[in-house]
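In this document, chain identifiers A, B, C, D, E and F correspond to the written order of the chains, with residue numbering beginning at 1 in each.
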């Protein structure tokens, strides 16, 4: 197979990635109010990384993002567990959430909500899991 | 005021969908990959962008809902569809899909040949 | 924990220390450590004799599981004490015998004595437990210790075969007995035998009474090797001879007798009891004696003889139960059957024990037990010969030995059966004495064969492995003691009558006694010229004739086809039990996942359809449905078309893409059904799934990229249509049966105020049901770990390299 | 609509079953995919369809569709995604190791390893 | 309301996550796993004690009131099962140290092991029918991974079958929940029960019977009851010993637990459903016995014994009187312990001999007396010989069966003991007795260390049998709660 | 008025959808299919926008961008696959 350059894609990807990641972060934070949430946000982020993988290759991306995705999964789980188990410290049932509303400019209504932290755990797990799967299979091929 | 808005909304949407339709006709009728791709990536994208614009207007005007994602979507589509069109075409070409037999020019072929000769000389 | 309990448990507990002693004192025969135990226990139990002779019994109790009515109640009464003395007494002799019988260096003595002690404790437990569950426990323990003893030489095939056989049959009986015990418990609410007896009349007409009776008898018959369960006993002879002498003649096989005796007060009045116990006993007696004549192995003869003798005791107990029908003690002629049963029990233990030990000595000294190889040993081993001849004569029922007395009483009892005016016995009851008489003749014959074939006749040194000589003194002590007992009981039978027999009878037939009364037992040597005496004379005359001619008529046995033998039946059963299920199982367990799915789905369809029809559950109600829109219909058609197209798709690619189409359409459904979150998720997931599908399947090393041929299978189609129909029907009726409002209104009301969110679905996911989500992502994490290790870890490949 | 959906779901289950009974591993996995689609749609249908606006507060809707089934489906979707991914990779590995994707050749009556 | 009851779920979950970080440090993994296992056991013990003194414990997740959030409920039945689970897992863990091999340990064996416990404990504790599904999936996903971990041919092949069957069963579970939700409109088990109770005064509506049967199919697939067990022998044949022991001891029992829970809590009005359960249970015993006596393969023999035990337990449940339910609970716990022990024991045998075919082994007891006698005692316990642990359970079940006038079932249960004994004694007689041989794996097998785990279990089993009196109050309490669903409902719904 | 227009637009979009599906099935080359699939994705965006107008809910507008992104990633992946035979390379230039 002849080598081809990928100049157009590689150039465009820089902007597009920004878009996609922004969107995924948005969709993650907005989850409590609009459709979305940690799960779908995580998948979108993973999508962005996949786009990177397609454009470049596993090695390059590893240099770019030196993340062990299995550890990321574990961290995500720790986040979720930690948030839920935090309520044990206050002697209320497991997973009890607390919240307070904050209005931020630009992003609109954002609540400081322990549920968001929980959702962040979900987010990390989903990114970690999806990337583990894709990377593992990709490396095997 | 609202009539005008309504008109614009309707216009964008209808025109957009017509574009889509036409693009499809193109995809069906045109003779080879490259021409079909042309129809799809240009016309369809324009059509969809127009529809999105109409939708954006609809929600903005009738409900006062400024939806940033729609704008984002329009921009995104605007950016990606040429790239994807390009990629597919190049892939098709490189994987050896034949041009329409009535095609008149194939610059890339000549270029490739040149490169090939050059590399063989080296 | 009373001393009584200690006595019962002592052998069990002490057995643990045997291997220890064995290891420390290598040079001393382990038997010496064991010997004191039965002796001490024997003496200990003797101290109870005065109490039981006065008709009293001693009860000690430990609570084990009192809430289930399971208490470790130890009770010493006449019957129990009789057995306890038998167990410990014979036990002591057997241990002594075994010390000389089993070589110190060759055998795994630690094992042997552990098993033996386990057995002894178990047996004491059986006869001294008042609680049936505890008794059942000990009962099974006897089965298993017997199993281990029979399999003591486990390297021999025949030992293993015999062990397995005895275990299966006796455990079967034990379980049946357990069933009976449970039935009794349901009727009376107690596991205590004492309480059962007091309630016996109340349950007499209960519907469960008969099954309970049969179950208990099954237990007794299997343990006591009654027809047709006796087949395990001859094979149990693979055990070392001390074991045979102890378990398979004197004690364990008598556990069934004990059980029948113990339950006589409960069931005895029932006709079924009389019928089963007596007739099975008589049948076993005849059968066993006839087959004993056929045997050529010394121990086999003894085994069949044991079977036969057990039948004798059993039939006596059955006949004795008839006594319960008569109120008055003085006129009750049937109690003699019980007396005879107990007396013979003791006698049998003495003479059979000595015979077994003699057989063991012969085996030990000559290396064979085959009577065809033996002969003329009288001169080499005079003491053994003497003990054998006394034992055999006693067994044959010749005076002046104890066997004669009990045989006489047995005849008396059988003759009495014909006189009963119960159950029409005065017409067909004549069978009993006749059969008893026939059996006695054969008993006589095999007793004679046993002694004379071995000790007289021609000496055949070439057939023997060793040169025979008299056994060492130690080996002879035990049989000599037993034989002297044979003689002593023969001359002074009344030594036993007051001390043991009468109290035991009181336990078997308690309802016949008024308070303070006791059975007056007197066994006399000479009854005058009555019918029994003539029967005995007939036995002797006919027996001698048959013995002299037996070489000729023995061929008759060969006429009996081998196939009809019960052993064959057992082997066939065991073999069939393994091969037939193997074939059956292999037909349906064929490893094909398709077959398994067919079973599962067929079951799914059949049982749900049956329930739908049976419970008339299908309802159809159109009142509560939402409108049908054009788009939905279009999407529905799309889904249906796409999914049906998959069925006919020929290439992998097509089916993957069509699956994707279904997925995307489903996500559009979610859009139309107002589920934006779902639509989002489904879209992304579908994309990733399709990508994974492509990666995993399309991009594989090429084997066959395309299916070779798609065959339409009618069964598959039928099953799948069935599944579809069932799902639809249930969905329709479930929808038509909305009996309650959903709890969803709560979420609508509280999402904003309580959980500070607007997207109800998301709030439910992270808050209301955040717990689900936590584990949902755990599932994902596990899956990713699994995928990672599945691809990275390949034990197989590395092994190959 | 619910009645129509019941039939659609029935057909999904039907095709899924048929596929799962076939020999090819791929078709089996496709079958499980259809099965989970059917199950998810069933949850939605059983919760009642189109009983109001999408379950997002803030609009001026009177009624909302039942959010609970949606949350359940979301969980179920994610889980079945995990399972499907695992199944696919398993199939892939099996294919590599055994060299076949025909389940009839995976009976394993001879216990090799 | 106590957070205590979440600990048996939380500790393994947390441990599992920590172990992901530690995947290359084997000693570290072992230490962490052991500590967590012990603390889980302690927590489970505390729960049992708490339930004993204070009655049914529950915990409303996220502080949402009962029918709306997810509730964890720990009644005596589930608390006991959680305790048993943590015990068995501890033992299997110890066994794993010496037998599972470094490769598997590096590839997240212990992490997934802990996740499996999360699933099992969660399934035992949850009070929400959909949450039960989620925990089932946690458990199943872990079991898939454990089953396939190592990637040998047989593992891959059998995993496919196992996975497929369980995917189907999960789908059926989902639709069963959907149907149930349609009819009663709620997911909380106590709430479902009380709603069904409301409408079932004059008999249960037919549709609920259908749903009951559907649940039976779903859980029956997991619990391996009669026409649904076909997948099991093959799949359980594949994994390494400690995994097999975990599967054999825990996974099917979760199915059994779920059947018991749903039937006694939701569908107790329905005689037909119980009738079906009873018939299937008896048939499971029969077919299990047929399988168990058919094979000369030690793994298969023990695997088929699982089916028998499941049949016996469910028969006890189906009779539904206090004796039979107590017996079922008792027997369930017994079976978990003893099955784990047996699997570990035959694992050692296979390790020594290098084969699972009984015809290729003999005389093991000569050089491995400890192994032989442990196996012997375990076999007796399995067959229900007093005073070992199987006996009281079987006694109560049979007694309950006879009291419930189900004589055939009781009799079959009773006689199954004989054939169970036959099947395991076949192993003893042919494998342990007989002439001594030299085997291939002898040098490699650290028999003494491996034997620790099963010996612990057998000793526990013996104590469980002998000390029945002190355990019985717990069992009776569990049975009492199962018989009176109102206790459960009141505890959860009324504060 | 606007209602009718939207319906009309939906009909147009649906027709083009069908046309594209035809192309997906027909082929002939893989590239043709990919093009059609990409167009389907874009079309789906339009349909979603229209549906959210019909349903009068902006909850679905999130989906639009999502579909766009997915379609893009999908197309890129397909193109790469067509060209290189792999989707994700372990290491380029070798």
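Everything that follows uses one rule, which is that contacts are C-beta pairs under 8 Å (C-beta built on N, C-alpha and C of every residue); 3 or more make two chains touch, one makes a residue touch a chain.
Worth saying up front: this structure is predicted, and the values here are computed from it rather than measured.
In summary, the chains found to touch both chain C and chain E are A, D.
If chain A is ignored, touching still links all the remaining chains into one piece.
Common neighbours of chain A and chain F, listed by label, are B, C, D. Once CA atoms are averaged chain by chain and compared with the all-protein CA average, the nearest chain turns out to be E. Counting C-beta pairs in contact across A-B and across B-F shows that the higher total falls to B-F. With centres computed as the average of Cα coordinates, no chain lies farther from chain C than B. Centroids built from CA atoms put chain F at 72 Å from chain C. Mean C-alpha positions place chain A and chain E at a centre distance of 38 Å. For the pair chain C and chain D, the distance between C-alpha centroids works out to 50 Å. Our note on geometry: chain A versus chain C, Cα centroid distance of 64 Å, whole angstroms. Looking at chain D, residues 20, 38, 40, 42, 45-47, 53-54, 56, 58, 68, 74-75, 78-79, 82-83, 85-86, 89-93, 97, 103, 106, 108 sit in touch with two or more other chains.
In chain E, the residues that touch at least two other chains are 13, 20, 61-62, 130, 134, 137, 141, 144-145, 148, 151-153, 160-161, 164, 168, 175, 178-179, 181-182, 187, 234.
In chain A, the residues that touch at least two other chains are 4, 9, 16, 23, 27, 33-36, 39-40, 44, 47, 70, 73-74, 77, 81, 94-95, 97, 129, 133, 136-137, 139, 141.
Contacts between chains, counted with the stated touch criterion, involve the pairs A-B, A-C, A-D, A-E, A-F, B-F, C-D, C-E, C-F, D-E, D-F. Touching chain B in their complex are the following residues of chain A: 2, 4, 8-9, 12, 15-16, 19, 23, 26.
Residues of chain D that touch chain E in their complex: 20, 25, 28, 32, 35-36, 38-40, 42-43, 45-47, 68-69, 72, 75-76, 79-80, 82-83, 86-87, 90-91, 93-94, 97-98, 103, 106, 108, 111-113. Chain F meets chain B in the complex at residues 1-2, 5-6, 8-10, 12-13, 15-17, 19-20, 22-23, 29-32, 34-36, 38-39, 42-43, 45-46, 49-50, 52-53, 58, 61-62, 64-65, 68-69, 71-72, 75-76, 78-80, 82-83.
Interface of chain F with chain C (complex): residues 14, 24, 44, 47-48, 51, 55, 57, 59-60, 62-63, 66-67, 70, 73-74, 77, 86-87. Contact residues on chain B toward chain A in their complex (touch as defined above): 69, 72, 75-76, 79-80, 83, 86-87, 90, 94.
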